[in-house]
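Chain nomenclature is as follows: A, B, C and D, assigned in order of appearance, with residue numbering initiated at 1 for each chain independently.
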Amino acid sequence: MIKAGIVGGTGYTGVELLRLLAQHPEVVISAITSRKEAGMAVSEMFPNLRGRVDIPFSDPQSAPLKECDVVFFATPNGIAMQQARELLDAGVRVIDLAADFRIKDVAVWEKWYGMQHACPDLIAEAVYGLPEINREKIKGARLIANPGCYPTAVQLGFLPLIEAGLIDADNLVADCKSGVSGAGRKAEVSTLFAETADSFKAYGVSGHRHLPEIAQGLSGVRGAPVELTFVPHLTPIIRGIHATLYARLKTEADLQSLYEKRYQDDYFVDVLPAGTHPETRSVRGSNVCRIAVHRPQGGNTVVVLSVIDNLVKGAAGQAVQNMNILFDLSESTGLQQIPLLP
Amino acid sequence: MIKAGIVGGTGYTGVELLRLLAQHPEVVISAITSRKEAGMAVSEMFPNLRGRVDIPFSDPQSAPLKECDVVFFATPNGIAMQQARELLDAGVRVIDLAADFRIKDVAVWEKWYGMQHACPDLIAEAVYGLPEINREKIKGARLIANPGCYPTAVQLGFLPLIEAGLIDADNLVADCKSGVSGAGRKAEVSTLFAETADSFKAYGVSGHRHLPEIAQGLSGVRGAPVELTFVPHLTPIIRGIHATLYARLKTEADLQSLYEKRYQDDYFVDVLPAGTHPETRSVRGSNVCRIAVHRPQGGNTVVVLSVIDNLVKGAAGQAVQNMNILFDLSESTGLQQIPLLP
Amino acid sequence: MIKAGIVGGTGYTGVELLRLLAQHPEVVISAITSRKEAGMAVSEMFPNLRGRVDIPFSDPQSAPLKECDVVFFATPNGIAMQQARELLDAGVRVIDLAADFRIKDVAVWEKWYGMQHACPDLIAEAVYGLPEINREKIKGARLIANPGCYPTAVQLGFLPLIEAGLIDADNLVADCKSGVSGAGRKAEVSTLFAETADSFKAYGVSGHRHLPEIAQGLSGVRGAPVELTFVPHLTPIIRGIHATLYARLKTEADLQSLYEKRYQDDYFVDVLPAGTHPETRSVRGSNVCRIAVHRPQGGNTVVVLSVIDNLVKGAAGQAVQNMNILFDLSESTGLQQIPLLP
Amino acid sequence: MIKAGIVGGTGYTGVELLRLLAQHPEVVISAITSRKEAGMAVSEMFPNLRGRVDIPFSDPQSAPLKECDVVFFATPNGIAMQQARELLDAGVRVIDLAADFRIKDVAVWEKWYGMQHACPDLIAEAVYGLPEINREKIKGARLIANPGCYPTAVQLGFLPLIEAGLIDADNLVADCKSGVSGAGRKAEVSTLFAETADSFKAYGVSGHRHLPEIAQGLSGVRGAPVELTFVPHLTPIIRGIHATLYARLKTEADLQSLYEKRYQDDYFVDVLPAGTHPETRSVRGSNVCRIAVHRPQGGNTVVVLSVIDNLVKGAAGQAVQNMNILFDLSESTGLQQIPLLP
């Protein structure tokens, strides 16, 4: 059994990791930490876990994290970079669900995240944990930078087009919509029910931290910089991201077949039949990304629709998928939940 | 492996049965019927099942239902009573998720359901499938009447008090709130999003079909008729029932301890700590009923809060629980999904 | 024109007062204060007011409140009692939308609100601003205690029955459901969208501050103490309260006619036809309370359904109604908005 | 007073027309028709209108429509074209809220709407009722084609850029999100609460009827065809459209100033400060369109955010605005409702 620890378990990615790991046949949860809630039973905060996860939150200092095989950081940005080295030195694999190791260019990271990076050398070592691109690199990694939610949906959507060199990668548009859980479990006026229900809005149009992450990933695939306009929106759903992607075709191609072939060996990417529209609820609670590709009126604009559950494939599920790869398990172990519909 | 058939698979209880049975380790789904959609892949209608349930709907006439070990009716009221006998005669166990066999008094049934019953003798044989009351009778049954959603939440909530004879059973109040999926997947104006979102209302105050079902169950427990005022409400959530129950105490008792003892051997009933309030989302997607018992200001009024997922413990999950009992499996087999929160 | 001031304008009752007063033909808004946001244009925080309310928040110290004819306190509990006397002494009428002056028994108030009262003598003077009971007293008042949201819906629902002495007032049940705006515009985890959407729960079953307020009001009508079980619930709607009230009839009566007569001269109470069910959306954005009275199965239990918009008849609208009475205007002046449906 | 009639009053545009006209100081509602509900009080179907609109639905045959000054068609597509001529001949002004007269090219209309047009000559006469473009033409019109909801939000958003010739109009993208009321008050599975709540999806990517309407409008402004990719989405809100528009700048310009000048005389278009993001709730229940213009990272892509209430500026409110112009009233008469927030 894999001994797993979670640092920072009181947010939505924390409870979601617990939900998934508690049902994982090869994992035992050794510790979950919270400075603030140390001593409180996890199931008191998250009653869905009653009878299933019976350990309490423990203090980060005293938790037996170094005895774990793998430690997940479900913390705010800037925490994992402080603590990762000590765990790595103790032989623990580290999977960071925050952004500390996602951006290779330290200066870019420091600009977007507004702090100095604590261990730039580890950035170089870290592997970006998008298995559909980096599966082989993940296998041998010690430190995984688990991708952001928007970057997962957008990169999986654009990937086949860019790999095939079919589109004008200097003029990409990603119009993305996220459920409110993406903002985390923080006390803030802007994500109150009465502020966000029955309303829809864009935010961060002038710049969002996921932009450099997406650009880095797609540029890596292209082998040259891409230019992307990324507009996130808030939609009144709890979980789910819907990315609507626009690009101009440079070359004719059978797009449906392109996507089906690209993802035929990726268990968690489901290419839908031509002409269909994925709903976010069709992946609710599961690690699947569903994608449909369109070419309206047969013109030169490709429209790709890509949906994920931001807390699963966009966070905790992808982290477990990465753990499965790290420990040489079948990629879908413990991740076979069928989406909840309706 | 148990060969299972589903009659009428295009509603919410149908898709929920599929979700649960597809993950059940001892079941193979042999057939799912729909007159109207025969030939269509199930996963075309319910894309959450893509890659997991790959059979098409089949015509009720040609489906191999008699070769099944068990057949679930996820049909409107009045269908199972037409078809159950033929299946029973062929040795198939039948679990009806509709109301055809729930009410023992045929005249009462015919009054509330507005049709003549097709097989009153089978009513007598049918076992009311609330395992927390009828577990032993279910074991040997051929025909199970799976309880309604409100009746499940209300009966489990009142049960310990009535068994113990602690309350005035001539003056019970059940103020119940249901998610909109309880109304089914039918094209109706009254359950449109724009009619039900951001609004709350009572309905059926003058009389609801679940009233005689609840009254029958509680009267059976009491050994005498009970008097109940039952007011259902519609709340803008997809899944979930919250029953708020009121009764007057006749005798002093340690209510918390009473509830904990009553349900200590019932895997799917979770008695919460004193002073707490269950949320419907704490059981979302799971077969658990969570109950809290209160006595405000130490007075003589008991307030019981009881929550279930109407599509799981209130329908498909309870049906699978009944199947597990019928086939001598552990009651929780295939029903260990952790609720989705948030 | 009436010069109106608002103290504490950054919450939901504040913006709602602005919406109503900005459309009121006899009012000019002289000042709206916020310590924290002084200087910010009101319409920057509340863009629905762009082009309609163009003043900024001003500092409470420097705002010309004493030159107003009326000042509304849309502040947290405990503020109005600090500042009311000075305004009253300056000849300003004061309407407190918080709870400082609602409870006549100072000890009871101090117990439920957990602080010492700053001016018990003003409690005695204050008039409880439920016009349907206290219209005459309101006319000459200097200081109005505007009722709470639950208390408005519950008292209007029970009033005709208690005035007529028809029910057992020692055993009342008020099962109430509130939209999330009732919790205010405060940064709290418990009212985040991802915590409250698609879920339903009770809260405060052991005791809620509106219980003594309701009990005081109904006891005053009865002329003797009433006993009430009050259970509030949170339903995922933005605005709206639905009170479902239960009582036992002692005497036969034509309830429909009783209610229609009782409220025939109350512009803002609408008694619905027999057999109907009011929806909260039928009063969304308006100052109306809609009530339906039922007697299920012709038994002895009366069920009253009472709905209001918690921010209008439950707060800002009722405050404006009280202002209209104070200044001898027609009660409905500026309060004729038609509810928004859908 | 203007005598107004409404044909087809049982849908959402019908009830919204009633809400607005009942509050309009210069209008008396003479008739509202519904074949199916003739005789039923309007307020029985729409209880928000109780006490405010007390007429019943009348049969279309017997209603005194020819005696009206103006008749609104709030009917499905294909009805107004059957009945308009008779009313026009009787001297009645006609405002069609459906699509019968929106598309000038009859062949295009017949292709997208799947029926033969009944009166192509009236198409030529009809004026497209977007006052911000066609105010002068509307003044003298007999027959107004009230714009669609998406077309209103998209055209107002692109208008200044196209008029100024600043963008590449051969590569426009309109990513639009609509509330569910946009689908109308029809009994359909796809718009049930349990199908649309807590989920987000695109639809009609291969082609939507509003595409030719938008293209016609923008091409008219450009004086040459535009090329537009239009992707509509369904978001779980009741009312509201959010259009996110993308275009490539060809020429430098001060976009903020461009928008502010273009709309300085349009009462119902509110250009927000630079850097802001309009929410749909900021226009809920009102006739305002709020627009913000962005240029992310100072690049060549312009992003315009445009929000309206689909039932007001996108339907009934714009129809009343057109009526005000037709009858030489101030454009905002009866349309000054402040949006409901929260």
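The rule is simple: contacts are C-beta pairs under 8 Å (C-beta built on N, C-alpha and C of every residue); 3 or more make two chains touch, one makes a residue touch a chain.
Computed from a predicted model, the values in this text were never measured in an experiment.
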A-D or C-D - the one linked by more C-beta pairs in contact: A-D
Farthest chain (mean CA position) relative to subunit A: C
Chain centre separation (subunit A, subunit C; CA means) in Å: 45
Subunit A and subunit D: spacing of chain centres that average the CA atoms, whole Å: 39
Computed distance of Cα centres, subunit D from subunit C, in Å: 36
In subunit A, residues with contacts to at least two other chains: 12, 179, 181, 185, 194-195, 197-198, 236-239, 278-279, 281, 284, 342
Subunit D to subunit A touching residues, read off their complex: 171, 173, 175, 177, 179, 194-195, 198-203, 205-207, 227, 229-231, 233, 235-240, 242, 244, 246, 248, 275, 277-281, 284, 294, 296-297, 299, 301, 303, 305, 307, 342
Interface residues, subunit B side, partner subunit A - complex: 12, 15, 19, 22-23, 46-52, 181, 185, 197-198, 238-239, 270, 272, 278-279, 281-286, 290, 311, 336-342
Residue ranges of subunit A in contact with subunit C within the complex: 12, 179-181, 183, 185-189, 191-198, 236-238
